[in-house]
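Heads up, the next two complexes both have subunit A, just with different partners, subunit B and then subunit C.
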Partner chain A sequence: MENAIVIGTGPAGLTAAIYLARANLEPLVIEGPEPGGQLTTTTEVENFPGFPDGIMGPELMENMRKQAERFSAKFRTGWVNSFDLSKRPFNLFLEGGEELVTKTLILSTGASAKYLGIPGEKENVGRGVSTCATCDGFFFRGKKIIVVGGGDSAMEEAHFLTKFASEVRIVNRREELRASKIMQDRARQNNKITWSLNKTPLEVVAGNSGVAGLKVRNNSTGKEEIIDTDGIFVTIGHTPNTKFLNGQLETDEVGYLKVKPGTSETNILGVFACGDVKNNKYRQAITAAGSGAMAAIDVEKFLEQIENH
Partner chain B sequence: MDTLTLTKDTFRGQIENGITLVDFYATWCGPCQRQLPIVEELASEMKHSAFVAKINVDEESEIATTYGVKSIPTLMIFKDGYLLETMIGLQSKSFLREKLNLYLSIGDTC
Partner chain C sequence: MERIQSQEQFQAKINDEGYTVMKFDATWCPDCKNMDRFIGDVIKDYPDKKFYAVDSEQFEEFAGKYEVKGIPSLLVFKDGEKIAHLHSKFAKTPTQIREYLDTIKA
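For the complex of A and B:
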């Protein structure tokens, strides 16, 4: 039986693992389908303290993992299929049939990129529709690309994609962009970036070799048109990875786990949540890491309590 | 190491006979770095029944283009020269093992 299982290897999960490992609790960390979390799909991280010249997202995550391994955190790749949280110790069932048992559980499964949910989109993921510019930009050398979204990430991805693409068009549903001024300015100064604002994506148009265009509606005229493109990068935010919990824990209406304010405690004793999977408005690497430390400390306290009774 | 490294010169000959799982990857792709050890383990587990191979898309962009790879990791299963299945994104070992076993069992009954 494990003292603690941490599910997820973003900054929250890895920070929790570092703290637990340093406390000699030998945590088992389960790495799922998006190892390293959202930061592995970013380029340079300029606002994580301690790196005055910035650090590449994937490198930062690799460093956190090494730091956890240094104190003997155990890692394994696995897809958690289901849980039984109705009694302690908790049972976890992995894809492939394996069962794990643990006294405590830290959920740090984060959030994944959201899709538009329009016709033609899901079928063409990997055929021109992507949510990861750093992974897939390479395949669009000299091609035309659309980035959907108006936030900081959309600006950053568009800017990054101009390294490969001949033209990057930003499509946004509203006239105004959500992105910060510095990110907007950076994008506007890039002459490879063009704009289709106030246009709602309706359908991904595909041919034999994948994506060929994006059908949009002009929100002021109501007119529909197809914009030719070889790739569509969707950057419209994230959705929490809580579906696999099957409603065993309390979430808000969008699916983010609820924790007791100022702690990492969920509504089930012995189950803790940290990072982007829990209800939070900040969504930063540093706040995720901070909440990971909180979860680890909460686990330590909890284990002490149950062992003394 | 039971995983074969394919190039444009060896690719065709390899997929021609039997079942081959091919992992398209790049050194700069985070999820690919997690996929490789999974594929490696599968290669040694299945070395008596199926081939497991990898292709570096940086070095072998021709093959990637031919098969329309636009996202990595992408995994493909070939049987006797034909593409049977394309899987996009990081895949678990048990899922890949199941897929290979499925195609192996179809082979037995034909």
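For the complex of A and C:
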């Protein structure tokens, strides 16, 4: 039986692992379908303290993993199919049939890129629709690309994609952008970036060889048009990875896990949540890491309590 | 998984008898690293198919020709023609890959 199983290996899960490992609790960390989490698909991280010159997202995650391993955190690849959280210790069932048992559980499964949910989108993922510029930008050398979204990530992806594309058009539903000023300014100064604001994406238009255009509606005039493009990068935020929990834990209406304010405690004793999987308005690497430390400390306290009774 | 070394080798392999699965990837792609953790185990269960890895940067021409617009992608060839194309967004776990490969039978 494990003292603690951590599910998810973004900054939250790995920080929790570092803390638990340093406390000699030998945590078992399960790496799922997106090892390293969202940061592995970013380029440079400029706001993580301690790196005055910035650091590449994948490198930062590799460092965190090494740091956890240094203190003997155990890592394994696995895909958790289901849980039984109705009694302690908890049971986890992995794809392939293996069962794991643990006294405590930290959920740090994060959030995954959200799609627009418009016709033509899903069937063209990998045929011109993408949610990962760093992965797929390379295939659009000299081509026209649309980035949908108005947040920091959309600005960053658009900026990055100008390395490959002949033109990058940012399409955003609102006239105003959600992105921070520094990111907006950087995008506006890039002369390869053009703008289609106040336009709602309606449909991905595709031909035999994949994406050919994006149909949008002008929100002021109601007029519809098709913008020609070879690729559509969707950067409109994230959706929490909580479906596999099958409703065993309390979530908000969107699916983010609810925790007791100021702690990492979920509604089930012994189950803790940290990072983007819990309702959290900040969604930064550093806040995820911070909440990972909180979860580890909460686990430690909890284990002390149950062992003293 | 054996890696394709030359254009000639690629051509020869896709013309081989039976099914040939080409995994397009790149050194800098996080989803490719993810897939590499388990693809080795999966392909053992498909002795009827031959699997090769193709560096998309090294063989950009093939990536273009076969419409690879995201990686990793698994392209299935038979008699030199591409007959199926799975993109990684739908291939994050061993089960998803197995389900896809199961659909391609002689």
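To be clear about the criterion, the second predicted complex is superposed on the first by the 309 of 309 C-alpha atoms of A that agree within 3 Å, B and C clash if a C-alpha of one lies under 4 Å from a C-alpha of the other, contacts with A are read in each partner's own complex, and residues count from 1 in each chain.
The rule is short, and it goes like this: contacts are C-beta pairs under 8 Å (C-beta built on N, C-alpha and C of every residue); 3 or more make two chains touch, one makes a residue touch a chain.
Remember, predicted model here, so these are calculated numbers, not experimental data.
Trainee: Record, for the superposition on subunit A, whether partners subunit B and subunit C clash or fit.
Mentor: With subunit A as the common anchor, subunit B and subunit C collide in the superposed model.
Trainee: Just subunit B (first), just subunit C (second), both, or neither: which does A:Gly126 touch?
Mentor: both
Trainee: Should A:Ser220 be classified as contacting the first partner (subunit B), the second (subunit C), both, or neither?
Mentor: A:Ser220 sits against neither subunit B nor subunit C.
Trainee: Name the contact category of A:Cys135: first (subunit B only), second (subunit C only), both, or neither.
Mentor: both
Trainee: Can you list the residues of subunit A that meet both subunit B and subunit C?
Mentor: Overlap of subunit B and subunit C footprints on subunit A: residues 31, 33-36, 40-41, 58, 77, 79, 95-96, 125-128, 130, 132, 134-136, 138-140, 209-210, 231.
Trainee: Hey, which residues of subunit C end up touching subunit A in the complex?
Mentor: 26, 28-31, 33-34, 37-38, 56-57, 63-64, 67-71, 73, 85-90, 92-95
Trainee: Where on subunit B is subunit A touching in the complex?
Mentor: 26, 28-31, 34, 37-38, 57-58, 64, 68-72, 74, 86, 88-90, 92-95
Trainee: Under the stated contact criterion, what part of subunit A meets subunit B in this complex?
Mentor: So the residues of subunit A touching subunit B come out as 31, 33-36, 40-41, 58, 61, 77-79, 95-97, 125-128, 130, 132, 134-136, 138-140, 209-210, 231.
Trainee: Please name which positions on subunit A make contact with subunit C in the complex.
Mentor: On the subunit A side, the touching residues are 31, 33-36, 40-41, 58, 77, 79, 95-96, 125-128, 130-132, 134-136, 138-140, 209-211, 231.
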